[in-house]
Structure formats: C-alpha cells, structure tokens
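There are two complexes below, and they share chain A, which is joined by chain B in the first and by chain C in the second.
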Partner chain A sequence: MSKSTAAANGHSLWQKMPKANAELFALTYGTLVTELVRDYESTEDINEQLEKMGYSIGVRCVDEFLAKADQAGMVIPPCRAFAETAEVMAKTGFRMFLGVSAEVQMISDSSFSLLIYENPLSLFVELPSDPKWKDLKYSNLYCGILRGSLEQVNLRVECTFVKDVLQGDDVNEIRVDLKEVLVDGAGEEYQEE
Partner chain B sequence: MALISFAIVGKNNEPLFMKEFRDESAADSIPEAELFGLTVSTGNTDGFSKRAKECSLRQQFILHSALDRFEDLSGPPPGFGWREPGATGTDAMWVGLLCPVEEMRVYGYMSTTKVKFLAVVEDLMPSQLVQHNIIDKEVKKLMIMIHRLYIEYTLNPFSKIGDVKISSAKFDDSVLECVSQFNRTL
Partner chain C sequence: MSRAPSNILDRPLGGRGRGSNSSTEAAVSQSAFAYLYSELVQYHQSRVASISELERRLESSGYGIGLKVLELLSYRSKESKRETRLMNVLQFVSANVWKSLFGKPADSLERSIDHADEFMIVDYEPLTSTYVSVPSDLGQLSVDAFLSGIVAGVLDGAGFSARVTAHSVTLEEGETSYGSSNSSLPPRRDKAVFLVKFSPEVLKRDTGLER
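Showing the complex of A and B:
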C-alpha cells in the first residue's frame, strides 16, 4: 500500500468518524493519569498500568479499523513487509482515531520509530519539575494500543516511548520492535491427536 | 510607561502569584526588607527583560491596599458592583483604575470566579487624560491575556488549584512575555 493512499484513506476515514471535544478528551485523560498517580507509588507502575489500558483499547481498535475501512470501500491488503504495517498504522490508523498523522522512520526490517508531532492527549499538560516525574511516560497509552492492535494481526511487538515532548524533547517518538510473528491456531486442547 | 508589578489573588484573598518587573539596577538603594530587619529574598537583578523578581515589600503593600479598594467597588453580594448593566464576558470582568499611588496607577480585573488580577503601572504624566485612556486600554488587553494564561494553567491536570501558589515555569515565562509586549507597545 503506497504512502499516499494510506494518507488519503486515513483522511477520509477520519472525516467519517464521530468527533469528540478535544479539550474534554485531553482533560479526561489528564484526570485518569492523576488518579493513577494517586493510586500507585512508582512511575514504573503508572507506566505499566497505562500500557495495560492501552492494550485493551488496541485489541478492540483494530477490528473497528478494518471494518470501517471495508465499509468505506477501501482495500487494505495484507502487508507484505513490516514497513507497510508501519505506514498503514501511522498514516491511516492514527489519522482515523486521533486526527493526527504520524511519521515512520524505519530502523531495521523489524523495528521502526513512530514520530508524533501533535499529541491530542497532552493538551495543556505541563509536568511538574520534580525529578520523580522524569520517568513518567504520560502518553504510554499509545504503546499499549500499538501492542494490542498488532497482536490481533499476529505480530507480537514491544513498544516504548523514546522521546517525549512533555519531558523536553521536540517530538514524541515511539520505538516499535517486532518480536515474533505469531502462528494462528487453537489452543492445545483442540489439537487433533 | 512600564508595568511595575502584577499579582493574582484568589477568591478568599489568598495570593496566588506576585511578581515585580521593574529593573532595580539602582544598586545604591537598600533592599527595603533590610529596613524592616528581615532577610532579603534573592531576586534576580539582571534587569527587566531577563527575569521577573520576587515582589518587593513595597509593591506587596501597594497591591494589598488596592485589594481593599476592590472590595469597596464590589459592593454587596453577589459582589460585582462595578459592572455596567448589560456588560458580558471580559468587559464585565474589567474593573479599571483602582487607585493612583504616588507615580503609579493600580488596575484591577476580576473573573466571574472571583479571582482577582492586579497590575501596578508606572505613570509618568499624571495630568494627561488622553494618555491615561490609552494606558487603560492596553492594561485591559494585558489582563485578558494573562487571564487566558491562568485558565491554561488551571487546565493542566498536574496543577494544584485552591489556595496554593502558582508554580509553573511555563506560566512564569508566558506572563513575562506578555508584560514585555505590553511595555513595548507603550
């Protein structure tokens, strides 16, 4: 799937999606993160919880993505290389759900970096200057979403936030590494003897 | 014509933000705090456009007295006595000149949630009415901008709301930017 069709698809799918108020969305996520901060002691636990929440979201998102694309008459062929997956995810997927486009930087055949310039989750957010917040990955939800959605299409990945605008960098960068291509199959109980 | 100091005071008159912007490079003057036998808080003496300093005692005194005038103007509950009938939005929040003090003028602005914004502006031509009208308009614009910055600060999920002082580098920097812009236009 070429880059321009992915972007065009993303844009038209975004037009069809019902919209929510951006401020409400950002404030809701902000309250969620502050609640987690109150509940958990260490920033690692908070990051982990955000990732788990993202995972449940991702698992559901991918079905919606493929269904809506199908309804809109778009053809999203099975990806022949991990790079194609990355493009579809960045240009079509992110665009459809969040309205922002991400850029892909391939690092190797099995890993890429997703660069997000505008992050709708972190509108108005400023992390306090206390050193304990240095490890907080505010938008770690994205990592979970990526992991969840790719797992549903049989790709086991690991995602981590490498650069974060809230921590002072100029762009948000998520590193996605492909660990394993999973094999379809029912569980052991169903294997025929 | 320059902005000397700015303060944001909460609805129970608790100070949320106080900064002085004047260039105190007249190094001969004794810091007033020492006159009262108190230790001097280390402010930044780089000069005006570099950093805003901690508010000096004198400015705090002026701002505190202006607060009384605010209460006068507010009148009986619900306490928005200065408003013209039919004024809405930021026009309704603009109080105007609270009091002239020596060569300075103190302006006030109160939001609907009773958060008060006070600005002390240096007045070099006390008798010129025309000049005053221009200054009034500029101060009003400044108040509206800082009010917007305050709103953005409260929208940060990590900011503490209530009677806690505003401690945000982004807010400090943007206020300084607004004030420098104000000084340039006058």
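Showing the complex of A and C:
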C-alpha cells in the first residue's frame, strides 16, 4: 500500500467517524492520569498502568479499524513488510481515530519511529518541573495501543517513548521494535494434513 | 513558522472573538473517547466495592473537568457578564456547555413540580453511555455519573452549589431520540436525566435577587 493511499484512506475514514470534542477527550485523559498519580507512588507504576490500559484499548480498536475500512469499501491488504504496517498505522489508523497523522521513520527492517507532532492527549497539559516527573511518560497510552493492536495482527512488538514534547523535546517520538511474528495458535496440529 | 511559546500559560486558547467555533473546533472520533472512557470506568470499577461508590468516583472525576470547562467557555464566550440568576445558569449549562462538549444543546431542561430546588436536564443520547452496556448485576449504575460530575463542577464554579445525579429513565411511548447521529447502533430504550438539586442558600439568594 503506497503512502498516499494510506493517507487518503485515513482521511476518508476520518470523515465518516462520528466526532467528539477533543478538549473533552484531553480533559478526560488528564483526569485519568491525575487519578493514577494519586493512587500510585512511582512513575514506573504509572507508566505501566497507562501502557496496560492502552494495550486493552489497542486490542479492541484494531477490529473497529478493519471493520470500518471494509465497510467503506477500502482494501487494506495484508502488509508485506513491517514498513507498510507502520505506514498504515500512522496514516490511516491514527487519522481515523484521532484526526491527526503521524509520521514514520524507518530505522531498520524491524523497527521504526513514530513521530507525532500534534498530540490530542496533551492539550492544555504541562508537567511540573520537579525532577520526580522526568520519567513520567504522559502519553504512554499510545505505546500500549500500538502493542495491543499489533499483537492482534500477529506482530509482537515493544514500544517505548523516546522523545516527549511535555518533557521539553520538539516532537513526540515512539520507538517500535518488532520482536516476533506470531503464528496462529491452532496451526501446528493441522499442518501435517 | 514561530514556535509555540514555551510557557503553557502564554499559549492561545483559541475561540475568542471568532464567533461560532463549531467548524474550527478540534475533534477526535467518538470511538477514541469511548475507549478512553471505558478504561476510566474499568479502572475505577476494579477499586470499588459498590455501585454507589463507583458512581461517586466517576462524579468526582467529572467535577474537575466541569470547573475547567466553565473557565474555558466563559473565556471564549462573547458575553462579558457572568450569570447570577439560577435559570440563566441552567440555560447556560443545558445550551452552551452541552453544545460545546457534545455538539448539540441538551434535549430539554425541566423544573420539578414537587420540589422548587430540583431541575432536570435531559439528554437522549449522552456520549458516555452510548457505547457502554451495563450488566444486570450492576443494575442501577449510570455511567453518566461522569457527566453529572461535570455539571456539578460547572455549577459549583459559577457559584451555584448543587448536587447532580444521573438517572436512566425508560423512554415513554412516543418519545424518540431525534436526530440520532449514530444510526448503526440499536435504538436506546432509555434517556439520561440529570437531576440537579440546588443547595438551600442558592435558592434563597436567587429569590432575594428577584425583588
């Protein structure tokens, strides 16, 4: 799938989705993070919780993505290379759900960086300058979402936040590394036939 | 292209003097909000033992948002005076707040016949419960408690302290949810009613102002 098709698909899926107010979305996420901060002591725990929540969202949203694309008459063929997966995710997936596109920078055949310029989760957000919060990955939800959704299409990945606008960098960068291509569980016994 | 000012307080909030903001408003898909909200509810659900505690937690989550929404909307609106009368602030909530958060004003605002201090804001399709199904063992739970928290925050911030609760009321015969934006979902059988009960001093103050 070429880059421009992915982008065009993303745009047209986005048009079809019923919309919600982005500020309400951002404020709700802020509330969630605040609750986590109140309930957990260390920033690692908070990051982990956010990633877990993201994972559970990711598992569910990939179904919606494929179903809606199918309904819209789009063909999203099985990706032949990890780079294609990255493009579809960044241009079509992100655009459809969040209305913003992300960019892909391939680092190698099995890892890429996802660059997010406009982050709808961190609207109105500023982190306190206390050194304790240097390790807080505010938008760690994305890492979980990526991990969850890719796992549903048989790709086991690890995602980490490399750069964060809230921590002072100029762009949000998530590094995605492909660890393993999973096989469907029931395969082995039937393969001999 | 100039960089956004590094201090968050200096960044533009948008909307001031730009008239209707519906076309320029930033949006995400409803699904994204629904997923996020479901995670919030699940998170709280794992930490509480009863339905009413879950509702209370959702309400307190929404409260902070209500305060901020009030500030945002007041800043962006063309009116320069703040609301001091009860009916006006309720109109503000059911029309402006609802329109800005959900894209349409609330479906109706009613006054209770039995109690002078109770009002009801009705929404046929609140965003929070559109994608949520409540299992039968959680019977009376209304996940719209989050929205009632938002309303309580807005009212409290405006100086009208109130207790707001969310109830699911079955639709009567002949009542339909008009203009349902998401026709792919099965039609709802209930509407959300937000019962607003003002504190006695608010009512006293309001009747005092009438003279």
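We adopt the following convention: the second predicted complex is superposed on the first by the 185 of 193 C-alpha atoms of A that agree within 3 Å, B and C clash if a C-alpha of one lies under 4 Å from a C-alpha of the other, contacts with A are read in each partner's own complex, and residues count from 1 in each chain.
In the analysis below, contacts are C-beta pairs under 8 Å (C-beta built on N, C-alpha and C of every residue); 3 or more make two chains touch, one makes a residue touch a chain.
Worth saying up front: this structure is predicted, and the values here are computed from it rather than measured.
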| said: So in the superposed three-chain picture, is A:K134 touching just chain B, just chain C, both, or none of them (first/second/both/neither)? | reply: neither
| message | Just checking: does A:F124 make contact with chain B only, chain C only, both, or neither of them? Give me first, second, both or neither. | response | both
| message | Between chain B and chain C, whom does A:I57 touch in the aligned arrangement: first, second, both, or neither? | response | second
| said: Quick one: is A:V33 in contact with chain B, with chain C, with both, or with neither? Answer first, second, both or neither. | reply: first
| message | For the overlaid complexes, name the partner, chain B or chain C, with more touching residues on chain A. | response | C
| request: Mind working out whether A:R156 is in touch with chain B, chain C, both or neither, as first, second, both or neither? | output: neither
| query | Thinking of the overlay built on chain A, is A:K179 touched by chain B (first), by chain C (second), by both, or by neither? | reply | neither
| Contacts of A:K3 with chain B and chain C, given as first, second, both or neither | neither
| remark: So the chain A residues that chain B and chain C both touch are 23, 27, 31, 34, 123-126
| field | Residues of chain A touching chain B in the complex | value | 23, 27, 30-31, 33-34, 123-129
| query | In the complex formed with chain C, which residues of chain A make contact? | reply | 14, 17-25, 27-29, 31-32, 34-36, 39, 49, 53, 56-57, 60-61, 64, 96-99, 120, 123-126, 141
| In the complex, chain B residues that touch chain A | 152, 155-159, 167-170
| request: Sort out for me which residues of chain C touch chain A in the complex. | output: 8, 25-33, 35-37, 39-40, 42-44, 47, 61-62, 64-65, 68-69, 72, 100-103, 127, 181-182
